[in-house]
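Shown next, in structure tokens, is the structure this report addresses.
Read from first to last, the chains carry the letters A, B, C and D; within each, the first residue is number 1.
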């Protein structure tokens, strides 16, 4: 069976594992006060081109989102996000569990629209009823989005401008950031993100690490007393050096981007194959998540050789599906998958 | 420099690392639905002698305590614990952050007293004012305690009897459980714990794993809908098989207890050395945390060759300190430490 | 200046004030353990036709919604409600502040659609991803809705059927319940509501009381340990008898409905006047909130003699507005308002 | 039956009721934006001698404490209070329900000790472990305390000095403030409190109002965005003018203190009677709560003519009890009580 369910089906990149083994019996103090963590922070800040910034490591994405959002917001504030955002749909109410409302805006190819953010904030303060409502205290975006799409530099700059004008921090969830940065045609670099977002995180779990996410901020004053908050959220890893070692490795010799490139190439191969064989895209994604519409009989046939995700309930005739690749996807598996996809003449008669 | 600061200064036991490497590039589904996790659960339930129980894996201790306690309590309830308990002192208010009060009782060598628990619950329901107070909804203990001490089987049985009579779940924090079970004279087995506690966790982070804690319950009905709660608490590891692989290894051929034995032997060597050289115990602990009272000049001298923890503010003449060993402590380091401890004639003139 | 801003601009109905004065210096025990509260509960349960039900009194609407919803839900659950529901928009995030997500469905004339509720719940449990999402744990409706509209008996019965089939409690926010029950053509009685909803509240603040809301449930087992939760939410009034006295009075000789009838008649007079003078309805409401579309020049002119609420941002040519009446609205004021409304020929050329 | 159970057994002072009746059918805007509320705030700020301060009204004590404490603290902070403080014992975990820990210090006649506060804060920041603990973010005191006692001016000044030095706000719960200020020998005025505390509240519920507490702060910047937080806590009264009218009346012609004086006189009469008849004080209180130790047979006999509270579980031979008076206590009732107290020769043989 071939597996394209998700980008966290393997362990870590061999280079990362190698460093974990080499350092395994060394003794270091806990909670990220070790030298590996210091070095990892340094490497990341350099890659981001940030002076005076800060980096915090946590274990997983939901944990990171919850802790950062709780750190950025005051009690009466909520977070603006699209209806399809991970925090709104797939974190089991973690944001609300810390007392904050997710204020939803429509998604456009998975993205939030700067103009709609601006209008929301302006309308909000229109009259005195705002004191009975949840104030928009920050904006959450993901890049790549949950639908695999990417912001353009222009879109990010406009969003950043709107947020800074309204004094509302902009936070970017980079669970799959590597795959976004490794796309050939993107005009967004990690330095752009570091410059335009107030806080963002670099996803490790899906891009080469066993686990781990690196929160980066160029404005540490937005997250005062963040260490006890990390602890309070159960997000402070005892053997913090495990995060340091992994991120030091990933941010040495550009490994993080290099391995993401592979994931993108594998995804593009799948995309090309489906398109050339007559299928339609469900969403046009340039990253490692690919979405197609499959006639149900073909879906069933493919499901015998490969695992992938249905993207919504099964339709009457056809169903949207998602195939995910990663740094670890094997070329052989891609070939086998492509061979298993039947060519269709036309979908017009569905 | 020799290090006796904590029991989480190294990575994982070599056997555990070996399995992580061997399985590194295998593909498994996420969130603990893999075969390694299934096997680990099976091994643990067998070791505990539980039929019909359940096991849940999480990453760290604070996260585990918070999620379990939040799962066991209703909104109007709090958790009874000693003043020195980890949840009351060193979890940055994680329990309260989920809305629950830690109701404190005095500690006796770090332990809670069954009779005092019973009196607290009886007094609580004495008159109608209880509706204005936080109901005792569960009891939290740690074994070994934060002071390195152990419950006797009789104490545990009495506590269990009191809790079951009052229909209040008993939860045991086993962050250092291995070290408790490996003590030669203890009459408490893991089967006793599984039988007498309603929920407990087996600590991996401090006993051979890179990270990870295994929550075990013989009464799964006490934790209904626990998976979404784990997710909500940010405690659901994407690559769940990492926890499964580690615990499967630790619970194969009794590895968990074997390696804990080593930690205990090392601790006993330190204890014997300090005692024979004329020092007094601050707390008489049979486990891998050892507490002594050091004259300040000797403390300063020892601190030049070894790191250890001051257990409270520095006193005028003498100060309590803590030395911690683990499965990874090297015999050479123990020898070197012992050699560095000067013999004192008497502490009478302090 | 005439005032049609809201239905809480005056104190209490004179009959209610009379009873508060008569009993003012009597001594009673606190927290609702007095005889007036007992009598009020009895009167309400009789009016509702409930045997074995329970009544709880609280001070205000947001407080009541938050406490009830927190009482009904488990930690991993959220509440289904329309996008326009009071809990989603105008309670400053009170529901989220207790850790629960408001799961939104579209509104249809302010109402939730039973079929959409059923589909939401069915889809939710479609596959295993539900453990990563917020479970729909209850349904919230308001009657009258925030837009002044009413459920029909058929709609309520269908909603109740869907909820009971899914074992999801149905909760009705009756902040303006009196005005809903007093509408001539409604086929929904308070007994229907008591029978079809699992929990609901009878609004006092807007219907004759100084303040106060009466939570009624025919299934008290859904709100176990509710007294300490009320206290924890700061919703337990020390001089609880104030709530008892007011509701006893309102539920004696049908006073609650009688005075609501007056509010409805006043509202119908306004509606008729605007319609006959050529204006259009913004929403067709049969209750004490009336919504019209006013050309901006007429809006400005009317605003000189009467206060009312703009229902959304001011439009380019015309703006929706809301006029509210109550048990206390004076016929003279209605006449004066009607006289001030100019007749318009046509709005076609806008 | 005579009643000395609590100081909230009657309605409001007749002067307050008179004003509520006179204004009952006036129309005012909601949520405290009316002229009565403005006037009340003005009167209170004048009485407190505060320029540039702010006043907020809420309904009850638990609600007020929870909202203020949640407003003052950041997420990682807790509130220092005595073990006997109302927030620690009798608010059903309301503080914890908003995510904050109550950090307890010993009580000394119900009071917190400035020196112990200072030591707690100093010790807290002693080493880096503080990031794993709940930071002391404010100090809570009550005046009178839960045991009827009063701080001296010197004690308050010392506490204020310690708090300001540590930049930790000092908050005073004045649920019974009137009774504290009306004590003959106290050297603490309301102006002292306003000067030395950062935030405090003036209790209305127990001192002449139907309900209502007035939060006063000379440093409004400590409670930014407080209105939405009040709403979020369900503490924003729709008909806010009810609070305004009551407090305007109580703070006109010194009514608040005058009526409290009566309560104190009644309490002193009871105290004198018990003492002169040979009983011992359980606590020596100068305010409207009086605590005695009663032999059980006498307790039983008195309980036939008067209601009062047992202060703890019934002892083997004798039991502490509490008698409470208020502005509404009738002189006749005091006389009747005193007549019912038997003289005892001596308690030596108990």
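Basically, contacts are C-beta pairs under 8 Å (C-beta built on N, C-alpha and C of every residue); 3 or more make two chains touch, one makes a residue touch a chain.
This one's a predicted model, so the numbers in the text were calculated from it and none came from an experiment.
Which chains, if any, touch chain B and chain C both?
The shared contacts of chain B and chain C, listed by label, come to A, D.
From the centre of chain D, which other chain's Cα mean sits the farthest off?
In terms of C-alpha centroids, the chain at the greatest distance from chain D is A.
Identify the chain pair with more contacting C-beta pairs: A-D or C-D.
Counting C-beta pairs in contact, C-D comes out ahead.
Report the inter-chain centroid distance for chain B and chain D in whole angstrom, where each centroid is the mean of the CA atoms.
41
Report the inter-centroid distance (CA atoms only) between chain A and chain D in whole Å.
51
Just how far, in Å, is the C-alpha centre of chain D from the one of chain C?
About 34 Å, centre to centre.
Considering chain B alone, which of its residues make contact with at least two other chains?
Answer for chain B, listing residues that touch two or more other chains: 75-76, 91-93, 97-99, 131-134, 228-229, 231-232, 236.
Give the list of chain C residues in touch with chain D in this complex.
3, 5-6, 8-12, 14, 17, 20-21, 23-30, 59-64, 66-67, 91-94, 97-98, 205-206, 210-211, 228-229, 231-239, 242, 328
For a test of understanding, state which residues of chain D touch chain A in their complex under the given definition.
70-71, 74-76, 98-99, 130-135, 224-225, 227-229, 231-232, 236
Could you pull out which chain C residues touch chain A in their complex?
Touching chain A from chain C are residues 75-76, 78, 89-93, 96-102, 104, 123, 126-127, 129, 131-134, 310, 313.
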